[in-house]
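Each structure below is given as structure tokens.
You will see two complexes here that share chain A, one where it goes with chain B and one where it goes with chain C.
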Partner chain A sequence: MSPLKLVVSGPVGAGKTTFVQTLSETAVVATEAEATEDIGKALTTVAFDFGTLNLDGQELHIYGTPGQDRFNFMWDVLCDGALGLVMLVAGDRPQDFMHARNILEYITSRFPIPFVVGVTRQDLDRVWKPADIAAFFGLPLSQVVGLNAINPADGANLLIRLLERLPLSPHNGAPPRVGSTSSPL
Partner chain B sequence: MTTAVLSKQDVLRTTLMTLRSALPELRGVLIATTDGLPIVQTMSEGTDANRVAAMAATAIGLGKRINDTLGSGILTEMSVSGLDGQVYLYAAGKGVLAVVAPAGMNLGLLHMEARDAAQSIASVL
Partner chain C sequence: MAIFGDLVHLPFIDLTRVLAHQTGILFLRTAFAGRSVELHLDCTELRGLYLDGFPINESSRMQDVLHGLTTSATGTFEFQPTELTSLTPHLKLTLSELLDPYGETAVPEAQLPHADTRFRSAELPPTAPAHLTASWQQIRPRLEAGASPADVAHQLQLSELQGRELFSRLRTAGLIVPVRGNMPAKPTGRTVEPDVQLAGSIPDRATAPEAGPVRRLLNALRRFTAVAGRA
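Right, the complex of A and B next:
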């Protein structure tokens, strides 16, 4: 089975780099630079993150994109040949929801691939839930999953939900279970 | 009597203008932050300076990873060349210097002037 290329995108600070670094079984190639804008953290991705993961026998190559609009040429570059998309949205940054929807629209209009939306920061007490984001995006709840980006099981679960949506995937109808003995997590 | 204090931007603009007068054939010069925002630029009309600034940051970011993998040490410069033109990117402290040149330009002079400029920029940023 050849590796599946997946892309992780979303606004700045959604948790894309964290997501890739949490899940990758190989050393992550990250391209971070010091942020000169006030984005709530010191570093920001300027090219991409690359990590790999084997989920129930399926090799996954995961590419994280930068979040700022000025890097949207990278969304095109990275999505070329991608078979699925993970859109991450920080559940504690409602000011970014509209931007997240714009990014989703930008990518899926050019690359009509299956996608899921991951709502991060679910570890916080006061946070927007998947149901809220599903309503905002006009998506079924089955396509919107909550997660804590530093939790590997959460991350794997989100990927499994994406894999279930891929055509002719062995996971269709029989999704791998997180925590099963064959899973590396 | 007051002494005008030059802002960082003024100093950078002077560096940029010096480079342009030393190398009149250049198509454009731009100084950007390492996260892709333009600081000062003189790109030709019809060139999106914001786009070039972001791309310069992306290229340098990628170049740094390539250097790390190859054990080549701290990134100093890189280039992208086409049949009809080329761009040279120089690490400049907390910034990036992008020099857009026509094909076939005298690279010896270009590098000499641009590397000097990159050092000036690094000391300012």
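Right, the complex of A and C next:
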């Protein structure tokens, strides 16, 4: 059975690495390096995070993208052939919402890839709720989910919401990139 | 519920779109020349406008304040949902119409759409505001199959930055929307509901019908969340 590929993207600090670590059954391969500019934390993902999940014999490979624009070539690399996209945004960081929306729209306008938006840090009191993020992104509420990235059940619920958007055919093929044939992975 | 932030990160016009289905008071602490502004909103309607606690009724003064808010570089905001019945609202104006003239406001480069993001015409685009009429007539035919700011900038001999700024304005005016490569959203659960099985009732894998990979993942995840829910 071929593994399926899931991409987790979002701005710096959205909780991507945490989300991959929460879901992965294997030790996460992380490509973190010291941040060379002030991004609010010492280390940042520069290529991708990689984790795996095996459910009922079906392997899922989970790739977390870098959050900084300077590594945006990795978005294309990682999304090529992906089953779906999880776009994370921290609900307590409104300064990142516009960036998150731009990332999402850049990816989804180029790849026919099903996606959901996860609004992290829902355990905090002062946090934007999924309905408000949905309004900002111009998405139906069914496509935006609140979560705490360290909670496995929240992660599973988010994946369920994403998988429910997929056709349930025996063969869920990888979507091609719009207007390109490149397949770096 | 909390809707808060700073206009430096979330432009005022975008903020009003988020609030288009809400009723309550938007507090802006220092967004208008360092002065506090309150907007009493009932969905798309502006029901009251206060500057430093004093109501603004005069049309030209109101436009001054709204113009200031759309062009303000900084200023924190917070929205508090509340019923307006006891707050003596004194206006009944459509906010989006009041803001139409300010769609030309410069947007920081970091907030502009990516040059390669593809957009198409909105399903039912509104009438283009005066400052965008000429551009819209020129660009609209090029958007039928989707086009990016880089595509259009190349065709119209604009710089890439100008293309991104133009698309940002068209989007703010509701004339264009991003192309979504994925299929239209299905009502979640409806398609798969006949196959949904709660934990404990999942058929044995040996006797279960052959399932595709997505169904296998879904079933396993649902079992996991059902177990987590009981724990």
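Here is the rule we use: the second predicted complex is superposed on the first by the 163 of 185 C-alpha atoms of A that agree within 3 Å, B and C clash if a C-alpha of one lies under 4 Å from a C-alpha of the other, contacts with A are read in each partner's own complex, and residues count from 1 in each chain.
Criterion: a contact is a pair of C-beta atoms (placed from the backbone, for glycine too) under 8 Å apart; a residue touches a chain by one contact, two chains touch by 3 or more.
Source: prediction; values computed, not measured.
Put chain B and chain C onto chain A via the superposition and say whether they clash or fit.
fit
After superposition on the shared chain, which partner residues are touched by A:26: those of chain B (first), chain C (second), both, or neither?
neither
Looking at the overlay, what does A:110 touch: chain B (first), chain C (second), both, or neither?
second
A:57 contacts which: chain B (first), chain C (second), both, neither?
Only chain C is touched by A:57; chain B is not.
Using the touch criterion from the header, give the chain among chain B and chain C with more contacted residues in chain A.
When the residues of chain A touched by each partner are counted, C comes out ahead.
With the two structures laid over each other on chain A, which partner does A:128 touch: chain B (first), chain C (second), both, or neither?
The second partner, chain C, only.
Quick one: smallest Cα-Cα gap between chain B and chain C in the superposed arrangement, Å?
The answer is 15 Å, the least C-alpha separation in the overlay.
Could you pull out which residues of chain A sit against chain B in one structure and against chain C in the other?
Touching chain B in the first complex and chain C in the second, no residue of chain A appears in both lists.
Flag every residue of chain A that touches chain C in the complex, lowest number first.
These residues of chain A touch chain C: 1, 4, 55-58, 60, 72, 83, 94-99, 102, 105-106, 108-115, 125-129, 132, 135-136, 138, 140, 142-143, 152-153, 156-157, 159-161, 163-172, 175, 178.
Which residues, counting only chain A, touch chain B once they are in their complex?
Residue list for chain A touching chain B: 29-37, 44, 46-47, 66, 68, 70-71, 73-74.
Which stretch or stretches of chain B touch chain A in the complex?
Those in contact with chain A are residues 33-37, 50-51, 53-55, 57-62, 64-65, 94.
Report the residues of chain C in contact with chain A in the complex, numbered from low to high.
Against chain A, chain C makes touches at 1-6, 8-10, 14, 17-18, 20-21, 110-114, 116-119, 146, 148, 177-183, 185-189, 191-192, 195, 205, 210-222, 224-225, 228-229.
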